[in-house]
Amino acid sequence: MNEPMDFLIWTRSTAFDVAVTIFVIGVILRLFEIISLGRKQNLAEAKGTEFGPGMRTIFSRSVPDLGTFRRQPLTVVTGYMFHIGLFISLIMFVPHIELFRATFGFGWPGLPTPIVDAAAVLALIGLLAGLWHRIMNPVMQKITTFEDWLVWTLTFLPILTGYLAYHRMVDPYPLILGLHVLSVEALMIAFPFTKLMHTFTVFLSRWYNGAMNGRRGVES
Amino acid sequence: MAEKNTLGESLRRHGVSRRGFLKFCTATASLMALPPTMVPAIAEALEKAKRPSVIWLSFQECTGCTESLTRSHSPSVESLIFDHISLDYHHTLQAAAGEAAEAAREAAMHENKGKYILVVDGSIPLGDPGYSTIAGISNLEMLKETAKDAAAIVAVGTCAAFGGLPQANPNPTGAVSVSDIIKDKPIINVSGCPPIPTVITGVLAHFLTFGSIPDLDQYNRPKVFYGQSIHDRCYRRPFYDKGKFAETFDDEGAKAGWCLYKLGCKGPMTYNACATAKWNQGTSWPVESGHGCLGCSEPRFWDAGGFYNALSVPISDNSQTVAFAAAAGLALGAAAAGLNYKNKDEATKAHGTVTIDDLEKSS
Amino acid sequence: MSEATLERGINALKEQIDAPVAAFFSSCVSCGMCAEACLFYTETGDPKYTPIYKLEPLRRVWESEYTLIGKIKKALGLHKPVTDEMLEEWQELLYDSCTMCARCSMICPVGNDIAYMVRKTREGMVASGNAPEGVKGASMRAVTIGSPMGVKLSALEAQIKHIEADTGLKIPMDAEGADYLVLLSSMEIMNFPEYLEGLAKIFKQAGISWTLCSTAFEATNSGIQIGSTDIARILVQRIVDGAERLKVKNVISPECGHAYTAIRWDGPNLIGRPFTFRVLHILELLDELRAAGKIKTKDLETDCYTFHDPCSLARKGGVIEGPRRLMNMVTTNFAEMKDHGKMNWCCGGGGGVSSNEDAEELRIKVFKKKKDQIEETGADVLVTACANCRLVIEEGLEEYKVELPVIGLSELIADHLVVDEAQAEEKG
């Protein structure tokens, strides 16, 4: 009789603890794994600096090269749609901000829900279009592995369930809210061990790229 | 004792006019979300309805549910109904005590076998029967015995409906709800801590009018009262959508009547009629009074996170989890780093210098 | 007896993996954008040429050796190991269809430097004996004879005599204490002697003290192309020894892309210490001379000239603006290609591809990209600054039946050089 509420309570307590623990341990472990491999000291006389160009590339790589964009606009457009939609719905939705506040002791102002709602739709469309593209595009077919499908599903479900929960399209609400929380937990557990890690490592890899090129006097 | 005369007769004897009676019927129809065309049918049915016998059992409870009912305004739908049902057993309200009281219950059960309505408030302890007994009879035994010949059971209040406060973690008495024990009778859960008086009487009115139980949701609550969430019917909802929230109970937002989500309002997960039926003669309801919904009509609401934490905040202390995990992560990360370092160092040491004589595959 | 085994190959990959590689593999989301930056994919449409796919051997070793999940997978028998068959199959992907031009590294949305990783993966290919024959041959000749094309000092001396006789210019050899040590690529010695001639003319005008070195005239480095640090080190050491023997202040990398990479960027790391001299590409030096007013040009061309950026020079070396300033010294009608500078398309022959016979057909096929790019400019003359690009482009244009002269920028500067400054000023 009490299952949906028991389920919601479980997802908000035990399951959340487990997921957060695995997520935090995993992410830190992975970053250690990466950084511990080190980088040889570069003895060649530098033409430029490393730090600044590295930081610059962290931002500049968000803007695609025009020629490449023209060749494969869908990848860029769906990527933008998904990431912008995800970021807005993840970090600008008041309930999510409250979770951050409860965890880290600080928060920030949220956006009105219609905007968050539109962002979630944007993210969903972006993901669906991206999935279609992944299925149809020969290059993506060649390089797609099981992990890519897994990661897509784990990313899609929290947004979908979040959307359904917000619009109260599943009855009772505790059930869909619980599913939303559970899907996020699944995402968090898989996160450190899959390419979801790019969320963090993209800063490393873009920095390394920018720094290595910057040293040679190239803006990358 | 259940009287032989009808509800209509009884009402008139108490000085209720035909006009007043129809007004009551209209109110009942609207309460149950029935179309106005149903008013004559309700009137006719109620006119002819026999005063039903009601046995009210109170187990592990705080009497809040009874208080809620008795404090209802007058003249009211509630009082009308309660004046005119035959409340044959209610150990808080009845005059009789001791053996006489139990005798009254047994008599009512016997005389109205298969027809009486059993109302229960409070949860039932399964841990040790001694936690709650009435006249030396355990709650479990009394419930089973009384339920056996009831036409229907109304579980009033969250304790009876879902286990409520006694069941809250760590549930020392092993408290359970009525529906955890009784499986073979129609059970109507009228949850709330306490439930809205109108909702209790509305359910009884429905039973009297149609001789059946109303449409129920998956928690066996009448859909007509529990069909929509507090959040959906909340007059502060536009503020939620606009992103305007009270941050503390005395800030400008609170004074301006903004959304109480951040202050822990559980309205989004709570299904009840508070926002429309209101309390204290329709004066107000918690959110209108400036306090977030506690979610009292939902199962395990005591265990569903702090009352003043937003619904999205995990129930357990997430800061602590993150801190512990981060510490463990640093330790394990250092170990993984050491392993990688060693592994790479081994590879470097195992490096065999490539000369131009080593370009073809050996073998 | 060769020591190349799969085990050694895998060990080499293990050695090569560093923090950037781990970050890159962790970041890849299989978006496939790198394919769109690679002429081997754009011109063939074959998805196996997707740059990140070429790194699968390295990725597998990284995963199984340096990640927790990979170790678990390995323990459970779920890990796909790198096999010799796999590496054989990957030879085409890592050598025939990759010039390490690093165009993919420029566009990867997550910032993966794929060319950096291809270079590293080649270490494993060499150590396991999976490098292509043509590239192996070049390396062997470079180590044993001193030049990948088998050019010996005697051949250079013959060319010097020839030039000195033709022009009356002096070509110094082993001049100790000279400011600049000039290196050459075999191709320049054999196919484009006008480069050395042009240099002699320019340096005389600019009053530069320079020399060639009899023990270190070859700038190219097959070790970098085949992907062997050990071989590359031997070749770089020769230059370092020569430069230090002659006590020069600067070493000039010739019009050759990978030679610049080898000496300028990899050299100090290969020998494990900073150089005692500065390394410059000839275009960098010419740009410095231009800025110092030491060289001037006249009779600028009016025909449309375009410039092909050698990948190693522009995208991988940061020599981008200088060549443009120099171009404007020789023509009034300089037309840029649509993608130029750091986004230029490779000629298709870098990274050892031009010395790899297996890749010949593919190289001609993908040259279409460069051909289209050149034609789009409507240029009458193509200028570049890499002898290898120059040969590959000449050959490609011939295959596609396009008549277009291809010239080295240094010799073009020499052609337009104002030799007697006083005279030029009078005229002006």
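Think of it as A, B and C in the order they're written, each chain with its own count starting at 1.
Everything that follows uses one rule, which is that a residue touches a chain if its C-beta (ideal position, glycine included) is under 8 Å from a C-beta of that chain, and two chains touch if they have at least 3 such contacts.
Because the structure is a prediction, the values reported are computed rather than measured.
Asks: Based on the averaged CA atom positions, which chain is farthest from chain C?
Replies: B
Asks: Which of the two pairs, A-C or B-C, is linked by more C-beta contacts?
Replies: By the number of C-beta pairs in contact, the winner is A-C.
Asks: Of the chains shown, whose Cα centre falls closest to the middle of all protein Cα atoms?
Replies: Here the chain at the core of the arrangement is A.
Asks: Compute the distance, rounded to whole Å, between the mean C-alpha positions of chain A and chain B.
Replies: Spacing between the chain centres: roughly 38 Å.
Asks: Using mean CA coordinates as chain centres, what's the chain A-chain C distance in Å?
Replies: Distance between chain centres, rounded to whole Å: 38 Å.
Asks: Nearest whole angstrom, what separates the Cα centre of chain B from the Cα centre of chain C?
Replies: Chain centroid spacing, chain B to chain C, equals 76 Å.
Asks: Which positions in chain B are in touch with at least two other chains?
Replies: In chain B, 336, 340, 344 touch at least two other chains.
Asks: Would you pick out the residues of chain C that each touch at least 2 other chains?
Replies: Within chain C, residues 17, 66, 68 contact more than one other chain.
Asks: On chain A, where are the residues touching two or more other chains?
Replies: Within chain A, the residues that touch at least two other chains are 29, 33, 35-38.
Asks: Using the touch definition from the top, list the residues of chain A that touch chain B in their complex.
Replies: Listed in rising order, the residues are 1-2, 4-6, 8-9, 12-14, 16-17, 20-29, 31-33, 35-38, 94-96, 98-99, 102-105, 109-114, 168, 171-174, 177.
Asks: Applying the document's contact rule, which stretches of chain A touch chain C when the two form their complex?
Replies: 29-30, 33-40, 42-45, 47-48, 57-58, 61-62, 64-65, 67-68, 71-72, 75-76, 79, 137-145, 148, 151, 193, 195, 197-198, 201-202, 204-210, 212-213, 216-220
Asks: Once bound in the complex, which stretches of chain C touch chain A?
Replies: 17-24, 26-33, 35-37, 41-42, 45, 47-48, 50, 52-53, 66-69, 105-113, 116, 264-269, 272-275, 278-279, 314-320, 338-339, 342-343
Asks: Show me the residue ranges of chain C that touch chain B in the complex, using the header's touch definition.
Replies: 1-5, 8, 11-12, 14-15, 17, 65-66, 68, 84, 126-131, 136, 139-140, 143-144, 226, 228-231
Asks: Which residues, counting only chain B, touch chain C once they are in their complex?
Replies: Within the complex, chain B contacts chain C at residues 336, 340, 343-344, 347-348, 350-362.
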